[in-house]
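The data blocks that follow each hold one structure.
One chain, chain A, links the two complexes that follow: it is found with chain B in the first and with chain C in the second.
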Partner chain A sequence: MYASKRYLIIAWLFVLPALLIRFFTTVYPIFETFRVSFFNVNLLRGINEFVGFQNYINIFQDPKMITSIKFTVIFVVGSMIGHIVLGVGLAVILNVKMAGQKVLRTIVLLPWAMPMVVIAIASKWAFNNDYGIVNDFIRWFNPGFNLDWLVHTETAWLAVIAVDLWKDVPFFAILVLAGLQFISTDMYEAAKIDGAGPIQTFFKITLPLISKNILILSIFFTMWRLTSFDIVYAMTSGGPGEDTALIAYRITTEAFTNLNTGYAASIAIVLFIVMAILSGLSMYGAKKVNY
Partner chain B sequence: MYPKTVKEKNYDIPVAEPRRVPLWAKKALMQFFKWTPALAVGFLIMFPLWWIFVSSITPSGELFSKPIKYWPENPTLESYRYLIENADLLKKVWDTLLIVGLSILIGMVVSVLAAFSFARFKSRGLSLAVAFLLGSMLIPDVVTARPLYDFLRQVGLYDTYTGLIILYISSIIPFSILILQNFLNDIPASIEEAALIDGCGFFQSLFYVTLPILKPAIATVCIVNFILCLNNFFTPLFYSNGISVLSTAITQLPLRDNMYAVPWDLVSAMGFIIILPIIIFVSIFQRQIMEGIMSGGVKG
Partner chain C sequence: MKKRLLSFLTIIAAFTFIVAGCSSSSTGSSTKDSEGGSKNEITLYTIQSTQPGFKEWLKKAEEKSGVKINWVAAPTDSDTRQQKISTILSSGDSSVDVLEINDEMATSFKNAGWLDPLQDTVLTDDILSQFPQGYMKDMLTSAKGDIIGVPGYSGYLGLWVDQKKLDEAGMKTIENKDDFVKFMKAATKDGQYGYGGSWEKTYVFNEIATFVNLFGGDYYDWTNEGSREAVKFMYDMANTWKVTPVDQLADKYEQMNQKFIDGKYGMVFMWGTGTDYREANRYGADQIHMINMPKFEKRAIFTDSWSYVLNSSSKNKEAAQKFLKYAASEEGGLNGWENFSRYPARADVASNEAVQSDIKEVYTQIQETNEINGRPMLPQTMEFINEMGTLFHNYIQDKITLDEFCTKAQEAVDKYK
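For the complex of A and B:
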């Protein structure tokens, strides 16, 4: 019915606005980023010259970049381990049939539904030594506790990861829950009849059945962690020093504060390539996993 | 649990185990294991939110107390009054609602039309267009930020409502199209064909046949988009300056006579103004949000 030529023109007219908007807001700018990455642009000094791969070489000699890469790796790996362990645990809790299930699911949606900036900026206060909620909570159990979390490098790392987990583990758990609900109850009944305990059931039935689901989720969550920006912008401003400056934060600082747009573009392109390779490899891996 | 069996002369005889733990204790233990984790999770999420609320109605002088008071002794709305008078709060709320509302409305029209085309018409070009849209989802904000900023300045869209709305729309359409298209794929095109044969015009059939069927999907997508737009921080931060929505406003609060870098009294009030509507909204639309999240990768 819809096959005629006339309808195809309508179809293209319908699709056109979406294509145009996406073209001008994502595709055109990324080509521009690519082009600029070969130039030494410094708006402050009014320089704009072609330098080939110089920007790319500079990345790996810039101590600030090394720090950024180091923390980004720690942040992504640490946060993802937390996401998988806590997320699966929370999904199991959410899947338990109980009276308050609906209320609990609503509560769990809240961190996802709130802007990261609000949480990050509140965290700045929450991790304050004297008046923060975190230390206050620890002092319920250990009255003499004193620690200024965001002043020391390692504890600042921990704090940033903890806040990221608070915000996004519930979301991860809800997506895992979607996978859990596909497991038929017959499986669990069969396991019960065969004498499997709850722990055995979890590791031998639940986990293998949702592992592919978790793998695919982890790919997306890793990509989002790699481009995380709000959290350090509002919580630590990259501090102490530059120790919590995630790569995304570094890019925007170079591009908008230091006005090294060429250099910023080269970092952005490297980040993009790394993300493309990582997601390509893990998609390929996910296809190989079969249960 | 099923009773253990003992093999004896080829007969399976069920043997009742002596019950060491009484039944009521076992049940109580089960309830304990069910409720403790649930309550712990609820506490971990709600307690910080409660703390933000209490801080926002505590007089700013009393915030510097150790240990923290989780029940305000002299509750006051002073911080809120200050925000309305000095931080232009009402204008920001209005700007936010205007930008988010228009973005969702226009974004929805654009998405429904595109999803309809992708679901109903097949051609090689259209398949390429779908691939293009999905591929463009992989391009992160930070990678395109600076050139996009320069581009917006060149065409005069920087720091304008139009510019922001276009960017907000751009951020929500790939996901919306994906969900709507999946939904449309499940509706047989024969319903629309029947309408066409009965003498309906093309647009009539789109409006009176397809759209009503799409209603639940549209509602779900709108609800999720509302939250995504409200939480968008990157776009207003880099592509506007004078126009300030709630998510960026919280980072640019005026410093009252406060020796600390974060004016916590104002930040907590501003934070709670953002959080409260979200709590209410999520409570009302819990089911739709869950559906929306589960049916497609929504960025958090």
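For the complex of A and C:
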């Protein structure tokens, strides 16, 4: 009994450094952010006053924030639908036995390996009407095509989502592929003997068996989308107007450009709560899905 | 027993590493601190490090100031740069002693107490009198009367034209508003436009303010007819006459300049002395060159600078002041001209024989004929610029009317003033 207690203490002592680091780099900043969110802190004007829940109220009265919330919802939902549909499709293709399979899998992953800021800066040019590769490609089929994607709200939304998909779908697909490879070939053979076609096999065997995998991946990918800001930071600067300013981008702008630290903290806390609720619900959902 | 001893030693070792890890940096900085006061070196946060003449400039600056200059490159992206500099100054970071900041940052920071006053140590009256007085007062003087920066150069947001297009339009020059409109219309054909802008929401501020200025308006008063007329003029350029592309709402200077160099635009408003055009072999009297501002209601132009400022948290203030004295000196101004083609801010240096260029001719003409102002800025500069840019985007895209634009612009002015 004495020995086990002593070992427990030793174990805790070993863990303590990691816990301390975690405390100072995660727990403390969260509490400090929470505290600051109740203050009107404006470094440029030298203001630091307690304002209670005013910052939180302002979030839902600020037209810029409402635009940000709207685009963040569109971005996350649009991007996640794209990730699931294209990611599963790509994973199925990559799972087909063919020559050069390994090379293909490596090539597919290349966009994921590139830093988002680099991709976003390149995309700013790629979607330019005069110099962009996107319109060049479209003009092969429609020579008179003219559109500056990043100037109009809806097309800027599409462009941002498209770039996000281009970069991250391969990674999603590779992770789905890992799930696909756990499905026994016996099941497919049995289905074939029973006369099931490829579409029936996909919806009755493949999809149900990877659904938990997809759901778990979706939790992480959704969280990453909710916190991503680099794509719009480098690609659109939140424009046209404020139409592509994601919530995380708004937090960065308020905190580091406008130096409205209190307001930025309150937005961060709201985002934190939304993410906590979403991940809680998703985890609950993941438990329910059981094949 | 051995196991227990081993465990104990391992724990001690782990803690020692962690404590050593934590304390080593503070020991390092405290050693630095003790030397800091007398250290004859500074760290400069600079935007010039990518310029071809930077090494030469640095060598000369070290020689003449007698200060060893370590440097840190500032990010090239304007948003990132502003965020980094804001963070350095607001957090009391002493790793950088002298920084180069633009007008937007100077307006934001001059009353925040993050920069040391320079009037007693660097900008003595004889030196100060050589700098443009209006600019020094508007941009670099705090509410308390402290002067917080040494201008690194004098620049104008001037009108650059493509002479070939001007010739094709059968015009000699652009003297007034009628000429301006005539040239825009004449040069707009075959997918090319008479006027090009960088209307990205944080950049378009420069052009809105320029047109407001030319129309005799007031950027802080949107009930002023001149201000309204200016934005209506910009709207007409894009939507009514279609002499400038709406697509440029996404363009910053790099996109605008590329298009100008490629012959897609007849004229643009641009800062600097034409370095990009020179590098693209498009600079010259028969190609792209700067001309005097046209006279609309008045002939007016904006001036700007990047200024050297002293971080209040610096531990090397003596050395920093030595460097700043050099930057404010005749030699400092000439060094900037020779290596970066930056037009000297000091009047006496600008008139020096060593400063010879066709730009000098235009600059002199501008100084003689234009009303010269610093750009209109408010303490929450970037927030204000962003808001005005967003409103402008909405107006150009017909999401709001001119009246709504003016009402909201006035609200923004009142909010941030």
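Note that the second predicted complex is superposed on the first by the 272 of 291 C-alpha atoms of A that agree within 3 Å, B and C clash if a C-alpha of one lies under 4 Å from a C-alpha of the other, contacts with A are read in each partner's own complex, and residues count from 1 in each chain.
What we mean here is this: a residue touches a chain if its C-beta (ideal position, glycine included) is under 8 Å from a C-beta of that chain, and two chains touch if they have at least 3 such contacts.
Please read all numbers here as calculations on a predicted model, not as lab measurements.
Asker: So in the superposed three-chain picture, is A:Arg45 touching just chain B, just chain C, both, or none of them (first/second/both/neither)?
Answerer: In the superposition, A:Arg45 contacts chain C only.
Asker: After the superposition on A, what does A:Asn258 contact: first (chain B), second (chain C), both or neither?
Answerer: The answer is second: A:Asn258 touches chain C but not chain B.
Asker: According to the stated criteria, A:Gly241 is in contact with first (chain B), second (chain C), both, or neither; which is it?
Answerer: After superposing on A, A:Gly241 lies in contact with chain C but is clear of chain B.
Asker: In the overlay, answer first, second, both or neither for which of chain B and chain C A:Tyr284 touches.
Answerer: A:Tyr284 sits against neither chain B nor chain C.
Asker: Touch check for A:Phe182: first (chain B), second (chain C), both, or neither?
Answerer: neither
Asker: Touch check for A:Val151: first (chain B), second (chain C), both, or neither?
Answerer: After superposition on chain A, A:Val151 lies in contact with chain C alone.
Asker: Quick check on the superposed pair: does A:Tyr131 touch chain B, chain C, both, or neither? Answer first, second, both or neither.
Answerer: both
Asker: Residues of chain A touched: more by chain B or chain C?
Answerer: Of chain B and chain C, B contacts more residues of chain A.
Asker: Touch check for A:Arg139: first (chain B), second (chain C), both, or neither?
Answerer: A:Arg139 sits against chain B, while chain C stays out of touch.
Asker: Go through chain A and flag every residue that touches chain B in one model and chain C in the other.
Answerer: 10, 14, 17, 124-125, 130-131, 233-234, 252, 256
Asker: Which part of chain C faces chain A closely enough to touch in the complex?
Answerer: 7, 11, 14-15, 18, 77, 79, 82-83, 86-87, 90, 108-109, 111-113, 200-202, 245-247, 249-250, 255, 258-259, 262, 264, 379-380, 382-383, 386, 389-391, 393-394, 397, 399
Asker: Help me check something: in the complex, which residues belonging to chain A touch chain B?
Answerer: By the definition above, chain A touches chain B via 1-2, 7-8, 10-12, 14-15, 17-19, 21-30, 32-33, 36, 89-90, 93, 96, 98, 100, 102-118, 121-122, 124-126, 130-131, 133, 136, 139, 166-168, 170-171, 174-175, 178, 192-193, 195, 220, 223-224, 226-227, 229-230, 233-234, 248, 251-252, 255-256, 261, 264-265, 268-269, 271-272, 275-276, 279.
Asker: Which residues, counting only chain A, touch chain C once they are in their complex?
Answerer: Listed in rising order, the residues of chain A that touch chain C are 10, 13-14, 17, 43-46, 64, 124-125, 128-131, 148, 150-152, 233-234, 236-242, 252-253, 256-260.
Asker: Across the complex, what residues on chain B touch chain A?
Answerer: 2, 34-35, 37-38, 41-42, 44-49, 51-52, 63-68, 110-111, 113-114, 116-118, 120-121, 123, 125-126, 129, 132-133, 136, 138-151, 166-167, 169-170, 173-174, 177, 189, 192-193, 196, 202, 227, 230-231, 233-234, 237-238, 247-248, 250-251, 262, 264, 267-268, 271, 274-275, 278-279, 281-283, 286, 289-290, 293-294, 297, 299-300
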